[in-house]
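What follows is subunit A paired twice: with subunit B in the first complex and subunit C in the second.
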Partner chain A sequence: MGTYIIRRVLQMIPVLIGATFLIFVMVFALPGDPTDGKCGERPCSPAYIAEFKKEYNLNDNVFLRYAKYTGIWPTEQGGLLQGNLGKNYNGYKVVDDLKERYPTTAKLALVAIVFEVVIGIAAGVLTGVRKGGFLDNLVLVSTLVVISIPIFVIGALGQYFLGVKAGLFPVTVGSNPSFYELLLPGMVLGSLSIAYVSRLTRTNLVENLRADYVRTAIAKGLTRRRAVGVHALRNSLIPVVTFVGYDFGGLLGGAIVTERIFNIQGVGNYIYRGILNRDGMAVVGAVTVLVFVYLVVNLIVDLLYGVLDPRISHD
Partner chain B sequence: MTTTTTRAAKKAVPESRYVPEDGLLLDVEDLHVEFHTADGIAKAINGVSFQLRQGETLAILGESGSGKSVTAQAIMGILDMPPAVIPEGKIRYCGQDLLTMDPEVRRKTRGPEISMIFQDALSSLNPVFPVGWQIAEMFRQHRELNKSDAMNEAVRLMERVQIPAARERVKAYPHQFSGGMRQRIMIAMAIALDPAVLIADEPTTALDVTVQAQIMALLEELQEERKMGLILITHDLGVVADVADRIAVMYAGRLVETADILPLYASPAHPYTRGLLESIPRLDQKGQTLAAIGGLPPNLMRIPQGCAFNPRCRMAQDICRQDRPELREIVSGRFSACHFAEEVIDA
Partner chain C sequence: MRGTTRTVAVAVMSAAALLAAGCGSGDSDGGTSSEGKAGGEITIRGCNPENPLIPSNTTETCGGNIIDAFAAKLVHYNAEDAKPEMDIAESIETTDNQNFTVKLKSGYKFQDGTEVKAKNFVDAWNYAAAGKNAQASGYFMEPIEGYGDTQCTGTAEDPCTDGPAKSETMTGLAVVDDHTFTIKTTEKVSNLPVRLGYSAFSPLPDSFFKDPKAFGEKPIGAGPYQVESWTKNQSVVLKKFADYSGKFGGNLDTITFKIYQDSDAAYNDVIANQLDITDEIPTSAMIDDKYKSDLPDRNAQKETGVIQTVTFAPPAVDPAYKDPKVRQAISMAINREEIIKQIFNNTRVPATGWVSPVVDGYKADQCGEYCTFDAAKAKAQLEAAGGFSTPPITLSYNADASHKDWTEATCNSIKNALGVDCQAVGVVDFKTFRGQIRGREMKGMFRTGWQMDYPSIENFLAPIFKTGASSNDGDYSNPAFDKKLEEAAAATDSAESNKLYQEAEAMLATDFPAIPMWYGKTTMGWSDKVTNVKITAFGTIDLPSLTLK
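Coming up: the complex of A and B.
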């Protein structure tokens, strides 16, 4: 177990280097000048542009800039390796920006996950136990509909009908939002995964209900409720938990579309604005953190898999 | 209302078991089981009757598809219904018909009264729970013992079925045991609540020959110790020879012959039984062609008219294709469903 974790952590290093490098190259390959529009209606003065380019190493070639960014090439303020994410083009520290926005994104991810776990598993169990019934077909059709509709359509529809028309939820979300404010965006964000979770639960449950050990559980004189709810479900949830775990890792990376629709000041929105303003430092810094979070969550999920299924060994 | 029925149901299983004077535990009478599938109705069991007494071992012998496992599952009440349907018959346990019993009362008989061991212990044990937990679950659910008491009982049972270092291995998972040890755990689970009837459905088929003998010896020992009625389901005549008191031979969902073990081996009273005995390889017939029963078991959706065995029978006459022979007593204690049973037994 210990060696497994060490091996996995070591594997993260090349992934992080590769991912940050690719993002770095791609972001700075985008057309457009970051100084455009920085000085209001007029073009910026050559002195300002020169100062700006010097400040952000924009005169160096991309490899040297990457080396300086990561701290492989020594600079006075240090780079990624020294834990410095740098400043964005407005002169604010990227770390501070993320600290401000990350709780919002994490909260949104949490709402979405709770929503998809509770409703997805409940729907999966109800349909799996009564395969072919009315509810089964209803869920099958509705999940198909949800899977086929893009999230910006679901988001806009939800915002209009549940927010504007019915007035059940706030239409947009302020800074430092409460869980209640994030309920509607969370449902929109989790809707696609609900479909997957319910189908995954259903398929696995249907399969496991035919398993020999469920027959044994019945032969042991257990109630059907216990045979299904403990013996069959425990096995059926292993792949579901894994899926939800990876999904949570993805959601922690922010939800650009959902955050845009509901004007949530999270990481997704931050990255979107960074791309729009050609703010390479903001985008690279934020994405680097997201890649790291995703890798850590993945590692935790893989370790959890070993706990859930004793047949999996991490030695 | 619901609470009163559950409370009444709880009391339905008596503290000390009532067994009739004559020791008759199980009385199966004219049992029929059908499977209603999209392709039609498969008649898996077509009128099976037998009895099981305290301390008796009954072997049910037959090929795949002869209905032996379905019989066991019908007694146990673990058939999937639907597709299975029981249109006729009675299964009396200590005088009470299990088939008309309240389902909740019947559930409580599984484990404390009638218990079952399955063929493949690896797939029959839940892979994600420790073996001790799975054994302890019997005590937790039926006896309402607390966790540590139930766990102690599990260790005691694992020791009883001779699992080495039981106390250390109680938290191990099924995949960490060998095939023989897993089957011992299945046995420990099945005998946990001291059942009156134990059904073993091909308990040794998935095991090595040496381990087979150990498991059979253990079953025999436990049966004598606890005076259980044991139903041993197998397709292997060799496995049952030492253990069984009586044998019931099944073919196409019917009993074709029942007898005490020795007379049946000495002189079978049904051509099918004789075919089975002749198809056992013997050392003293080395070099000779092994006799086998030609043909295949019948399709249960289209069981032949008359005697179901007639297309494969060397002695078949016109009467065999028209009249279905009923099980009848040939000699005292020996029953055969063959028109020519007397000739077969003398041959």
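Coming up: the complex of A and C.
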């Protein structure tokens, strides 16, 4: 197990370097000059442009710039290897921006994940054990409905009826949001995944319930509750964990639409605005962190497999 | 100027108008307002200032709104009609429009306790102008004598290292005593006093020059409100400045700008009484005037100093539009009223000239019949020009803001009236769009907007249509027009000056460098907690007049 983790962590290094390089090249290959539009509908003064280009090494070629960015090429302020993500085009440190936004995004992702896991798995189990019953059909239809409605519709309706009209939840989210404030956005965000989680759980459970080991377990005299809950469900959760892990990674990348509707200052909007403003430094910095988060989440998911099914061994 | 859509979060801020007149000074117990009471705190929709809050380096609305609140200037624009009124200045005198003597009122204090002196203006303006400081609004100092010598002379790559500027200060500025300084301009500038209300002309305290970085985070001005705290992407808190001695003080103790990314979210918060004022009503609430039933008696609309135009590519880039008759024909083929009704829910006003009606010197109907929809006349005019040589006509826009609908409607109108195919062409985003225009690569017609920097007819003509001007995207050049502008700038009588500017504007109807489309309006809505919400000619909230109910 220990060697497995060390091996995986070491594997992360080339992935990180490769991914950041690709992102770096792609972001700066976008057409358009970052100083265009910076001074409105009139061009910026040559001095301003020169200062700007010097500050962000825009006169160097892309390889040298990447070397400076990562810190392989020594610069006075240091680079990625020294933990410096650089400054965005407005002169603020990307690290500071992300420090402010990541806790909010992580909280929101957590609310959404808890919501989808608890309700999704519960619905999956209930429908799985009573296949073809009324509840099964109800969940099938309602998940279909949720899957087919775009998230901004769910978000806007939820905000209007539950927030503005009923006053049950705050309409928008303030700074340093509490979990209560994030409940409604989290539910909106998790709604789509609930549908997937419940269906994944149900299908796998139905299949496993027919398996020999479950029949044996019941034949041995175990209660149905234990046979389903411990033996069948545990095996059925492997694809669910894969999905949830992937989903959590995705949510940590920010949920642009939901963040906009509820005015949540998260990572998604940061990246979106960075792309719009051609703010290469902001985008590369945020995405680099994101790649890292993805790698870690994936490692955790892989380790969870072993917990759920001891036959999957990492040694 | 700034762009006309907030989504793009463009250029220069609205000028000083935030500090507007309102009623009475902050010390007077608020007794001047009939229903409101003094003190209290409210929350207003804001957007995130993009850069550190330095007046001469802020070119976008979000930061501009904050700067207008904490910085006092020589001149202040009236909240109602944008007329300039003396603020820090006791008097600004000139006999020849070239040598100005500015006398300051005594007693004005910066929020760090130091007194506002003549040198604070001179130092600030020199700092803004000096090339090595690379200030985005530095070009506002251009009229002052010696501006050219403060610019770096090196090659384009790094002009300030290769060729340092000849001088760091402008010869046109001189301190006479603590409360007097003189300005000498390179050429005659009749409206200089009006320009001085723009935020780039704010005085800066001595502490700024010691540490501009710290200043940008917690700026200091001499205005009625001071920046208490700025939490990036969350909020900016303004507190009433206790030692403010000017005439334009506020009533409220605390004003918080809460930062929103989306106008829908802010609007919903106002309906739920969780936000006090939104200065932007989302399109969804504009449809059928929904906002009027959502916020009964709690909304207002006002015309602002914004004009939307459509500019023709320079003849060297696209000769198809060279003939003014072709241009006039296209303009006459646009049914402005119908488009405004269908697309904008009447939140625009059809333009009848190139100058916004909110400024001093505006004259109606300068464009005349060419800005009136008449399909038959338009067609006749196009035939007189010999038809359109290389169809289709194209109208480009930046696709990252809501310009698709109106450009397509405009094109349809042109197509139906002239019988020539017209296509609205989206360019991916504002930066690429402006890049193509700047590089003179864009052909056909393209959208241009102008938001005034200061309320003067000159601001709608000289920066856009003068030969070689910074925003002359169509490379319009007419010696007679330039000469008229010069004469107007030299005229010592303001009525005479305005008349000359109007004559210059009239020439645009003959040459037609751009099609006037419509003037902007700003709509705001507020919660049931606040009252006395006034919209300035710059489309901003007049903070000093706000009161709680």
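Here, the second predicted complex is superposed on the first by the 305 of 315 C-alpha atoms of A that agree within 3 Å, B and C clash if a C-alpha of one lies under 4 Å from a C-alpha of the other, contacts with A are read in each partner's own complex, and residues count from 1 in each chain.
What we mean here is this: contacts are C-beta pairs under 8 Å (C-beta built on N, C-alpha and C of every residue); 3 or more make two chains touch, one makes a residue touch a chain.
Values in this document were obtained by computation on a predicted structure and should not be read as measured data.
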**Prompt:** subunit A superposed: clash or fit between subunit B and subunit C?
**Reply:** fit
**Prompt:** Does the superposition put A:R8 against subunit B (first), subunit C (second), both, or neither?
**Reply:** neither
**Message:** Quick one: is A:K93 in contact with subunit B, with subunit C, with both, or with neither? Answer first, second, both or neither.
**Reply:** neither
**Message:** With both complexes superposed on chain A, which partner does A:L308 reach: first (subunit B), second (subunit C), both or neither?
**Reply:** first
**Request:** Could you look at A:G221 and tell me whether it touches subunit B, subunit C, both or neither (first, second, both, neither)?
**Result:** first
**Fill in**
Across subunit A, the partner (subunit B or subunit C) reaching more residues is C
**Asked** When the shared chain A is used to line up the two structures, what angle, as a multiple of 10 degrees, is there at the CA centre of subunit A toward subunit B and subunit C?
**Response** 160
**Message:** According to the stated criteria, A:N277 is in contact with first (subunit B), second (subunit C), both, or neither; which is it?
**Reply:** second
**Prompt:** Given the touch rule stated above, what does A:I261 touch, subunit B (first), subunit C (second), both, or neither?
**Reply:** second
**Prompt:** For A:D212, is the partner it touches subunit B (first), subunit C (second), both, or none of the two (neither)?
**Reply:** first
**Request:** Aligned on chain A, what is the least Cα gap between subunit B and subunit C? Give it in whole Å.
**Result:** 49
**Message:** Shared contact residues on subunit A, subunit B side and subunit C side combined as an intersection?
**Reply:** none
**Fill in**
As the complex stands, subunit B meets subunit A at residues 76, 78, 107-112, 115-116, 118, 120, 123-129, 137-138, 141-142, 173, 175, 186, 189
**Message:** So in the complex, the part of subunit C that touches subunit A is made up of which residues?
**Reply:** 1-3, 8, 10-12, 50-52, 59-60, 131-132, 134-136, 138-139, 151-152, 156-160, 231-235, 258-262, 264-266, 268-269, 271-272, 274-275, 400, 429-435, 438, 448-450, 463, 470-471, 473
**Complete:** Interface with subunit B, subunit A side, in the complex: residues 211-213, 215-223, 226, 231, 234-235, 238, 308-311
**Asked** For the complex, which residues does subunit A have touching subunit C?
**Response** 31-34, 36-48, 50-54, 59, 90-92, 96-97, 100-101, 156, 159-160, 163-164, 167, 170-172, 174-175, 259-263, 265, 269, 276-278
